[in-house]
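I have a structure here, written as structure tokens, and I will follow up with some questions on it.
As written, the chain order gives the labels A, B and C, with residue 1 at the start of each chain.
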Amino acid sequence: MKLLRELLFPVIAVVVAFVVGGVIVWVIGDNPFEVYGLLLGSALTWPDGIGYTLFYATPLIFTGLAVAVAFRCGLLNIGAEGQLYVAAFACAWVSIKLGGTVIKDFSGAPIGYGWVSLPAVVLVPLAVLTAILVGGAWGAIPGWLKARFGAHEVITTIMMNFIAVALVSYFTQYYYKAPGDPIMESVPVGEAAHIPRLGAFVPGLPERLPLNVAFLLALLACALVYVFLWRTKWGYEIRATGANPSAAEYGGISVRKQIVLAMAVSGALAGMVGINEVLGYRYRYYDSFSDNYGFTGIAVALLGRNHPVGVVLAALLFGMLQRGGIFVDAFSVHVSKDLVQVLQGVVILFVAAELLFRGPFGRFGLLKRSKV
Amino acid sequence: MLELRAITKRFGEVLANDHIDIKVEPGTIHAIVGENGAGKSTAMRIAYGFYTADSGEILVDGEPRQIQTPHDAIRLGIGMVHQHFMLVDTMTVAENIVLGAEPGSAAAIDLAKASEEIRALSNEFRLSVDPHALVHDLSVGQQQRVELLKALYRHARLLILDEPTAVLTPQEVEEFFAILRRMREQGKTVIIITHKLSEVLAISDDVTVMRDGRVVGRVKTAETGAAELARMMVGRDVLLRVEKPDAKPGETVLSVQRLSVSVAGGERGLRDVSFEVRAGEIVGVAGVEGNGQTELIEALAGLVPPARAGGEVLFRGRDITKANARDRYEMGIAHVPEDRHRRGLLLDFDLSENSILGLHYRKPAVSAGPLLDLRGIRARAQEIIRDFDVRPANPDLPARALSGGNQQKLIIGREFGLNPKLLLISQPTRGVDIGAIEFIHRKLVELRDEGCAILLVSAELEEVTSLADRLLVIYHGRIVGEVDPKRATQEEIGLLMTGGGKANAE
Amino acid sequence: MNNIFNVGLLLSAMRLATPLLLAALGGLFSERSGVINIALEGLMLAGAFTAAAVTWYAGSPWVGLASAVLAGAAIAGIHALACIRYRADQVVSGTAINILLTGVPALLSGAFFLSTGSTPQVPKEQLMPYTPIVIAAVLVPLTYYVLYYTPFGLRLRAVGENPEAADAAGVSVNGMRYAAVLISGALAGIGGAYLSIGQSSLFTRNMSAGRGFIALAALIFGKWRPVQTMLACLLFGFTEAVAIQLQGVHLFGGEEIPTQFVQIIPYVLTIVVLAGFIGTSRAPRALGIAYQKEK
């Protein structure tokens, strides 16, 4: 019963979004059923469809969790985008510096970027840790600004997004780009920093698919977030602060500390996107790699009811849309993959305006008040 | 002028107004008295269109009227001055007064005309205030004048005043009453909501008394007295007598010396309060709500920032003035807060989780490292549920799903489980059904007999007098008297509570 | 070096400040009424796309501009409905609108113009390179006047500061808020139109490029007041102009000047102001809180 109640709104929101999207598709002049068939069907083929869906879902799980943790503390972290950029860059930086990156310039002479060349057993954990810590630190700043000065986290995180993007693009452009490379990307990371693709272990899954160990890490993060939020005293304090700051204060909890902590954990989770991107996929820092992961994370968290399990489900849905969108782009006449953005926007709108559904349904006593 | 007929209003489970009938004659000053929570403000907010009644009828000048919004009320010549002023404090006096009824055209407010009209009104009613001043630079007394001018500017024939004297000094009250009388002379009708009996007697022509959401009486002021009104106001239908042995007070547990708490922007708060509570006794604090009780309990619980508090608090001889909430909890000070929804519970959390609020960070709630011992927590929640008869007896339900009484029993169970040396308990039975009230009272006496020192704050006079071994009366942030609850009559205490005690003594 | 700072730079700063100013003034109406509007970015995109598409079809930038106003207001209407009627979280609703509007124009341009997210080029003579600048310039004193000298402005400010007080004075709180949010959409729509049929000649994917957020920053930096907001927009427009001028400029050592540091100035300033290091920027007191009568 409780589960049903939790699932009801998200499902309604998704269905409504698909109906709205379908109407748009129909108005534009395509057959909505064909488009949706393409969208969902292409995401479920084995191995490519499923492999890519899971790959696209990976960063969304991280950002969805990030937003959810902050939300549980009553904070809206719009800064996951910036946190993941800074973390990904730092992760690449460590993997370049300590991975012994050497590239050749025009003349073929080697240019050294690395200090040392650490073995994988040391380098990978170090790079992973860097992503987590740097993301966490970047996230903690708006937390601190709120706790100390009362600066609203929504505005500060938006501003920090732009600052993050500018900073990492500066470092990429002026320090870590290979000479002559026309693309805004860093030199490659040391090979020891690569984490394996899942194709290496899963029979039938080719290694060319970018789905990598970071996906398992994302699932692990879900489990850990669950334990953290619901099984530890720290999570209790965060949730209590989010549920009722006055009562938390009464319970001897320092609301300010919780705000900083929650934002740090949130930033750390967002930062883990860098692991998937840098260590598992491109093996370098690629400027503006994020396909709005941070913002989509808000949709994922809201749709997933700010619960790790819900986040995984919502991330999988959006991963499917992302994968299917490419096929819609290629094979339908009028509709482009931008349909995916429209669906996401409508989903968030309906999840946010939950009250819309409560009128007619509320009478049956099925839906009680719950905190969005 | 105004008549409410069988007005009923519910907020969730609370019946705020139960078939209220109030009739106000034109050209009179009509007082509506009752304790806090009696439903006075709700009834008047309905008359002003702030709330809509669930059922009932409103008549203005003898005709039934629909009042859905304040706009409707204003059109019918009704004005209201709310207890918390409805002023935009970043705007000027003139802007506040004309808001919603601006002179001039849609393209431009005629501020000159506005100032002129305001000046004319100030002269007529002797309400001097500078139209160009910013509201947040004004004293509360001046702000009140702005509120009155606002209503008069809208040609109100009936003024509803909600607790108008609460923020005024005695001299200001005198001035204020002069203004009201002047208004009556000019043919205006005034409704004044108050709980101060001396004022009722001084200013009003008629009195309607409310209690527990009902009208319990209507009298002519000239034909009644403070004693009768006090009895009507605080009397209970059901007499709850707690049978308890005499207290055997032990050593001093809590010693409060010249404790003061300042409140942002107001003169209220707590001023130089000193008293002691000893082991094995219940010290009651009686008073009309909003006279410093909240500040007193929160300061003792460590919930007031040290910057706002003055004085000294000793707990078993130790100075705890600077200790925070968790430190005090650790020392054995338990706290049942006055507002369980705001402070005491996490409504969306289940009962198990609520049963550890405040001790969630240590054993026994925590098993190893940072991990919570969920099974242990659940088992202990079940213990509380059993020992304190919480229903429904399901630790997995969210606290929201429980009735007020059961929520309260859960909190009390949690706090009693600490084996506290000192219990701070405020409004223990507010919104609690009769059965639970008796239960909670019995538990309190048990705890006292085990040697706990208890400081009990309640706006229910009946409750404090029957439970307390000693009774302090608080008024305007000061302790105005200590009485023996066994000897003092309700009338005596009621007079102290409503500021009449000092006048009598002097 | 000194030829970088010239009249051209100031003109360019004004041009760059114009869309910011239009959106920021829009945001000012919405936020002074108590409704957070982080949807400015999406509203600008709606205006930009509509203006370019309609101008191309109709052949008149005036029709395009009018349509942009309507499109902005219509999308803002969704935000208003969600926030006011359904008491949705205003930030979340704004985010939804932003995401929605990264998709809708691209989707429509794909359908109508068979392109990947851009509209066809509008002929040069149908562009509107100066009018929006004039509109923006006129709107500043106009907004100031409306806000401080008309009944509408008085009520707007009251509703954003203390909705209960406004209600008690007979003002319809939600009515004012609907009006304010619709105005914000209309103005942001003009700002967007300027991007597509003023500064350039077509709509391209995500062409607002964060300007809605900078406008929001300018609004906060300008303490929610029209003249200060204009100054903030000019400052931010100036930093953008400087960043553009510096692009590819080499110092004596042959090193490029990193423009990123110039670009982040608006954001850093906004954070600094929000944290209260430079004066205080106090938001309208009821900002972000849906008005509900019987709590």
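Following the convention adopted for this analysis, contacts are C-beta pairs under 8 Å (C-beta built on N, C-alpha and C of every residue); 3 or more make two chains touch, one makes a residue touch a chain.
These numbers were taken from a predicted model, which means no experiment stands behind them.
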Overall pattern in which the protein chains touch one another (line/ring/star/complete/other): complete
A-C or B-C, whichever has more C-beta pairs in contact: A-C
Rounded Å distance between subunit A and subunit B, as computed from the means of their C-alpha atoms: 47
Subunit A and subunit C, separation of their C-alpha mean positions in angstrom: 27
Centre-of-Cα separation between subunit C and subunit B, whole angstrom: 45
Parts of subunit A lying in touch with subunit B, wherever the complex brings them together: 231-234, 236-237, 239-240, 243-244, 246-252, 368-371
Subunit C residues touching subunit A - in the complex, by the definition given at the top: 36, 38, 78, 81-82, 86-89, 91-93, 95-104, 106-108, 110-111, 114, 116-117, 210, 213, 216-217, 220, 256, 258, 260-261, 263-264, 267-268, 270-271, 274-276, 283
Sites on subunit A touched by subunit C in the complex: 24, 28-29, 76, 78, 145, 148-152, 154-156, 158-160, 162-163, 166-167, 169-170, 173-174, 292, 295-296, 298-299, 302, 334-336, 338-349, 351-356, 372
Residue ranges of subunit B in contact with subunit C within the complex: 11, 48, 50-52, 69-71, 74, 80, 82, 85-91, 95-96, 98-102, 104, 106-109, 150, 154
Residue ranges of subunit B touching subunit A (in the complex, touch as defined): 301, 303, 324-326, 329, 335, 337, 342-349, 353, 356-358, 360-361, 365-366, 370-372, 374, 400
